[in-house]
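Here the chain labels run A, B, C and D in written order, and each chain numbers its own residues starting at 1.
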Amino acid sequence: MDEKIDLRPKAKEYCGVFGVFGHDDAARLTYYGLYALQHRGQESAGIVSSDGRFLHEKRGMGLVPEVFKERDLAKLHGHIACGHVRYSTTGSSILANAQPFIINHAGHSLCVGHNGNLVNAASLRRKLELEGSIFQTSMDSEIVMHLLARRIHLGFEEALLEALQELRGAYCFLFMTEDTLVAARDPKGFRPLCLGRLGDSWVVASETCALDLIDAEFVREVEAGEVVFIDKRGLRSVKPFPRQRHSHCIFEFIYFARPDSQIFQQTVYQVRKCQGAQLAKEYPNLEADFIMPFPDSGNYAALGYAMASGLPFEIGMIRNHYVGRTFIQPSQDMRDFGVRVKLNPVRELIQGKRVIVVEDSVIRGTTTRARVANIRRAGAAEVHMLVSCPPHRFPCHYGIDFSTKGELIAANHTVDEIRDMIGLDTLGYLSIDGLLEGTHTSKEGFCLACFDGNYPVPIEECEGKFALEKC
Amino acid sequence: MDEKIDLRPKAKEYCGVFGVFGHDDAARLTYYGLYALQHRGQESAGIVSSDGRFLHEKRGMGLVPEVFKERDLAKLHGHIACGHVRYSTTGSSILANAQPFIINHAGHSLCVGHNGNLVNAASLRRKLELEGSIFQTSMDSEIVMHLLARRIHLGFEEALLEALQELRGAYCFLFMTEDTLVAARDPKGFRPLCLGRLGDSWVVASETCALDLIDAEFVREVEAGEVVFIDKRGLRSVKPFPRQRHSHCIFEFIYFARPDSQIFQQTVYQVRKCQGAQLAKEYPNLEADFIMPFPDSGNYAALGYAMASGLPFEIGMIRNHYVGRTFIQPSQDMRDFGVRVKLNPVRELIQGKRVIVVEDSVIRGTTTRARVANIRRAGAAEVHMLVSCPPHRFPCHYGIDFSTKGELIAANHTVDEIRDMIGLDTLGYLSIDGLLEGTHTSKEGFCLACFDGNYPVPIEECEGKFALEKC
Amino acid sequence: MDEKIDLRPKAKEYCGVFGVFGHDDAARLTYYGLYALQHRGQESAGIVSSDGRFLHEKRGMGLVPEVFKERDLAKLHGHIACGHVRYSTTGSSILANAQPFIINHAGHSLCVGHNGNLVNAASLRRKLELEGSIFQTSMDSEIVMHLLARRIHLGFEEALLEALQELRGAYCFLFMTEDTLVAARDPKGFRPLCLGRLGDSWVVASETCALDLIDAEFVREVEAGEVVFIDKRGLRSVKPFPRQRHSHCIFEFIYFARPDSQIFQQTVYQVRKCQGAQLAKEYPNLEADFIMPFPDSGNYAALGYAMASGLPFEIGMIRNHYVGRTFIQPSQDMRDFGVRVKLNPVRELIQGKRVIVVEDSVIRGTTTRARVANIRRAGAAEVHMLVSCPPHRFPCHYGIDFSTKGELIAANHTVDEIRDMIGLDTLGYLSIDGLLEGTHTSKEGFCLACFDGNYPVPIEECEGKFALEKC
Amino acid sequence: MDEKIDLRPKAKEYCGVFGVFGHDDAARLTYYGLYALQHRGQESAGIVSSDGRFLHEKRGMGLVPEVFKERDLAKLHGHIACGHVRYSTTGSSILANAQPFIINHAGHSLCVGHNGNLVNAASLRRKLELEGSIFQTSMDSEIVMHLLARRIHLGFEEALLEALQELRGAYCFLFMTEDTLVAARDPKGFRPLCLGRLGDSWVVASETCALDLIDAEFVREVEAGEVVFIDKRGLRSVKPFPRQRHSHCIFEFIYFARPDSQIFQQTVYQVRKCQGAQLAKEYPNLEADFIMPFPDSGNYAALGYAMASGLPFEIGMIRNHYVGRTFIQPSQDMRDFGVRVKLNPVRELIQGKRVIVVEDSVIRGTTTRARVANIRRAGAAEVHMLVSCPPHRFPCHYGIDFSTKGELIAANHTVDEIRDMIGLDTLGYLSIDGLLEGTHTSKEGFCLACFDGNYPVPIEECEGKFALEKC
């Protein structure tokens, strides 16, 4: 049902990671770091700390402040910590799949947190099971642990670097042993990962907004294909992969990353404003009384458009700040309730006006259609819409779940069809060139697969019962 | 500690009310109505329904979606319902004080929900107790029940109208018996209350945004001094009080009411934009690179200022949408953390710039000081601030709790002192005249006591042990 | 369904009370006292303490150790405490009806705990409501509070003694103010109440087993018709009622009181053994291989019978000590499961044998029938049964609930019919004379209404909507 | 502190198991079976069912009725089920160690429940880890899974039989795959395991009392060294071990097994009565007024003693049936409270009398000492005690935990010393020969290690960090 769907985010990243080395309050810092990365995963959260001898863990379903209480942090002793927020897949073993994932093996403890998606997970797992390994979860992340355990006679560092060679796909890993923190980013650099300093401590995080919150200094990105080992001797960087062309995820700029983060060498806020300004260039002749975003996702592109076009910017719909993740289903006759409960139009502002709505992306179109209907019911004379990215036509295999049912509206419909389905007077998408223009970086370095279907790492087929749950 | 305080709202309204008569799904509609009124009370919520013979109730601590589950609504049978959201006072009997409050008396059931504050509560209660009445709670609202019970031989309607004559102060009451819904607004009309229709049903709500959510039509306000009886014969209006000058709460326009609501004959969004435009008139010579609000409270005045002044509008601080009502206290050395967790500056935007920040009000000043410090740390060259109302110098006795400790910064400090305490280059407040200009209505009809100390209804002194808990 | 019913006790006392005056750890002692009185009420428990200035309370649904945690006791400050265990009536307001019940009135606090049942509750309440009193609960105990509040100008002691004059029925009350503990027992002495000393402290309890547990010395019973005031000046006894013939509840001896308690001047254990010995006298010619009780209720009479008759005593059925108050309903085809889960026959012992089962009472007969069937399935050649009291033919109006549905098997069936319904070879009840023989006290002083229908205090009719919930 | 210890059982068996094959309501039957076996494990419980394709599981901490709700059973689909009750070892991963334990491996699911203790667990685990196996728990039971997984290419049955060859110690295993139930008992038969039929279904249980509860017929014991495979083709018995002398645990007869169970070819009730009668033979000259048990553990031997000696049997201490597993610690000055709360002496019975107390065993002696002190405080003239087994001098390595701190009182003290420590006039233990006399079976077939230190299976040393948690 549309209304039910509307409360969920339109696209889900699998995860965010955060780690600290060398701070007395490592777990608490990690708690704040996860707080700042909450938008990257809202279904489970976990922190593992090490006091040099033992790992301590707390994981749970829900938001960061729901999972951790003061007494939990009090038990997460130690100067090293590693945290994770996640969208878990549905199913019986929900908590079991929360991360970071710990194993105790041959007298040592090891944990891993993972952001991304491996494309050869199924075949790796099948091979390991036939050799006698018993898996505990259906997560990608467990595979790297078994690959490591089978090579542990080489020593931890060598075993890890060898294990990473077997993996294909997108990943930012944080590993932690009793005395070492390791950050690893795949050779194509799909997902962001940054390195910071807080006094003498090192910090690793998915986005810089997590550094800001704890007042840490942003040092640099962990490079694509880089493995960083941090222990009491300091930080060592290893680059075990041949150099490759990058494939940064463009959707991090468009939707996922927080506007106050800096990723892939740009500030997200500015990139989004540029996208709005590009829209003004590509659609110069639209006439309207004012421009308004769907808040807050469309705010930045709308501002960029307003500045470039000179059209007034209004906040035509008001967010209800108390909408949680659940509410009780309305009766059938309450149209578009699920949408209205989040955003209510300011009737007096809209009545009789020609409005342009700016949105960052349209995935399934159901929410958008309901919102546009609400604007019309508030009395708008004309409703035009500009989208600050191209149409989404292809699924992502590198860690983003656009939709539970695969219903990408643009996969099966032309722009004109979509315009009519949504009930707009005009619908305009930003072009791929316009999109890249806003990034101010090499146009070559991005994964645009969701727009053009060119997957930079080939996808392995799912093969029946050995395939992992997620396939 | 400042950081802890910052997560609480800077001022608290005691309540919001919502009622429905004549709808098969009355309790469910009330649930949605409370959802839309959540900003008026976040500590407890309750719904009482009537099926014509029995009242059914569900009350609990927390937000509306936390308190009510589908199974609760399923038990709230009937075609009449009345709901309430509330800030309860602290203390042992927290749930006991949740509303609506029900009594069963002499074979009948009666419930009441109340938004406002009586100023003669203590003396009324003392008198009733000495006559043998046993009180169950420390709420104002119980007093009206005892006044009514002692007159019940007159019949319900007459007893109610007589009981209301005894009350002094601010109130919007919803009463409900097995077959009747009653809405009563005090003769000075301190708090908003509106009347709507949904098909054949009547709806009463604190604000029109609750009508919008259930797609009900806004009919008119319940008038100041009006008592509306709704039963199967229809709606009857009684006006038992002599006509008086109104005292609408100006702070509903400035801060409390939702911007998409229409109260006191105006749309809140437009009033706030006008206040921003008035600021531009009163402070014409401020030089800056751009203007930014503290989101979302300052959004509308900032837009009004930007349009009037021509200065660019930027969203210089980003909200973390996942900040709940609690989080774990940071270590002492994390300055201003409680503020930073909610709003993070966009560093690249602010660095080296002269910014004007617009905020709707400054109560204690602690949050504001911390936010300004964050903007400076992000590299701002100059930070100026404009506040879209006059300085708050006096407490409210009609239902708003500005602060738990009574620390109104403007009560003890000049504007220059406040500017220095907050760490600003410039600080400007809107004048009372400028404020009223924006309301587009009679300047006479408002309570401005928090600015000028002129209390339209005299305040009774609290007298030792007979005083209610709240005094 | 029979099986479901079997886990509930066959008869329910409404309550047990316990109070302490003058001990630094008053609430903790009360906790232990309630622990020892748990058999008198298992659905809710509560403790109220006083530190001389304020009352502190904790009440909850469930058993004593479920309701109270260490942190609760830590908050129950003070040197006076009063506790209560209860069977609440079913309905929506279950916790509201837990006791002790507190009111705050005219600057003072007062609490009450009650064991027993008033027979003129409905008419008293009706009268009070018409005079304007608002009731909070449907409990008898609230009535005495309103009677008191309306006389409070007389001073607490006088007001209480006057209020008690209005009551008819069975009661042991504990009252507590900030500085005084009061115990009151009705003039007929239906329920037991005893007085003890622990060092310099006074203790009041429903049964002496509660004194034993805290190592207090048993001083004497609170007399029928006595009101005991305990404050810092010591203990004062008032006897405000004319002297009357006693009506001690004989069922306390048969079933309710713990065998290790001393009530009505006798040790319960010895009384029950005497009842068994009387059975041996009244049924001298029964032939069998051994005698066995339904444990533990029939243990003592069975021992008495075995000693008097010379027949071997065996524990032919074994209790499962882990049976809680709930378990999941079995499938339809598992006959008598609810009974078997509690008591399992020792097959090898019973097979081919003639057994006499001793039980203390038979109320509805359903559990007994199922247990007898289990003994037969285990291979018994003959099953005879002796009951250590007469047939229950009449309901109790003084505080015991024999059955939720009023199905007293002996009210509608002859002994021969009951024998056949239960599936016995022989069924013998103890005579009233034989029963009284065992008490070793005046035969005049007991209420035998459940056996002979002679109610010592007349019962008021229930009258429609004013009747209390319980009627 | 002694009082705290007293509420825990004096000795703990690690587990009980129950399985069903071929019944539509397999999980529900298992629930009842576990209910009847609750005395064998009270800290966690679990059920796994199979519908032929998938396993379904529910495990939790607490008693059986606390862990399982109707909705849980409703989800445990299928015609095969296997359940487990357990004392888990303390530690962080308590729930993780609840059984039955499930793995999903190479497309198949497998679960195991275990009663007993392996003595070569540590060395097996160390070897497996060095070969790359990653363990999830610290339970013995996981080892057999890894041994199996590494042989899975042989097929399930062959792999299982080979894996069992590696194990040393005491075990009754239940294994379950999607379509097969397997019961395996170690070649020495330490723990009991029985086989029953319910219509066309097969049932396996630790004790026959579980068969009784579900009305199943007791067929025979699973033999020592027997592995029983049950699938849709029926039951197949495999005996993969060379025949060995048996080592049945004598303490099952003395204390653990329920008196209504039949184990090792005897009814426990009768064995215990014989032990009592043996005591009468071994201590013929004790003079006393009556004999009493510590209920219920001493009940059966006391009855046997009374019958053999002709001395009256009295229930001199009364159990509080509502004592749960926890209660709040009393103040220091309440001597022996933890004991008194469970058993209260009947003062009038004991006063001035010479009593013999019968108990089944004395492990640490602290509880016994406190109980004897209570009897003396009630006024006993003399207190003699007879114990229906020999002194416990050695720890058990085959699945019984006599004490958390290893304080076996008889390991370090003579009988005379113990008598004085406990405060007795006389203390007599049953001799080993007297004990075996009561079993009516081959005296050769029992493990008597806790009395004589002769361990029938050699104990492996614990070796530092590779040793399992339990060592």
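Just so it is clear, a residue touches a chain if its C-beta (ideal position, glycine included) is under 8 Å from a C-beta of that chain, and two chains touch if they have at least 3 such contacts.
Predicted, not measured: the structure shown is a model, and the values here were computed from it.
Chains that touch both chain B and chain C: there are none.
Each chain gets a centre from the mean of its Cα atoms; for chain A and chain D, those two points are 52 Å apart.
Remark: chain A and chain C have CA centroids separated by 63 Å (rounded to whole angstrom). Averaged C-alpha coordinates give centres for chain C and chain D that are 36 Å from one another. Under the touch rule stated earlier, the contacting chain pairs are A-B, A-D, B-C, C-D. Residues 25, 28, 31-32, 35-36, 38-39, 42, 63-66, 68-70, 73, 209, 212-215, 258-260, 262, 267, 269-270, 296, 299-300, 303, 307, 312-315, 317-324, 326-331, 334-335, 337, 340-341, 344-349 of chain B are the ones that touch chain A when the two sit in their complex.
Residues 103-107, 126, 129-130, 132-136, 145-146, 149-150, 152, 465-466 of chain A are the ones that touch chain D when the two sit in their complex.
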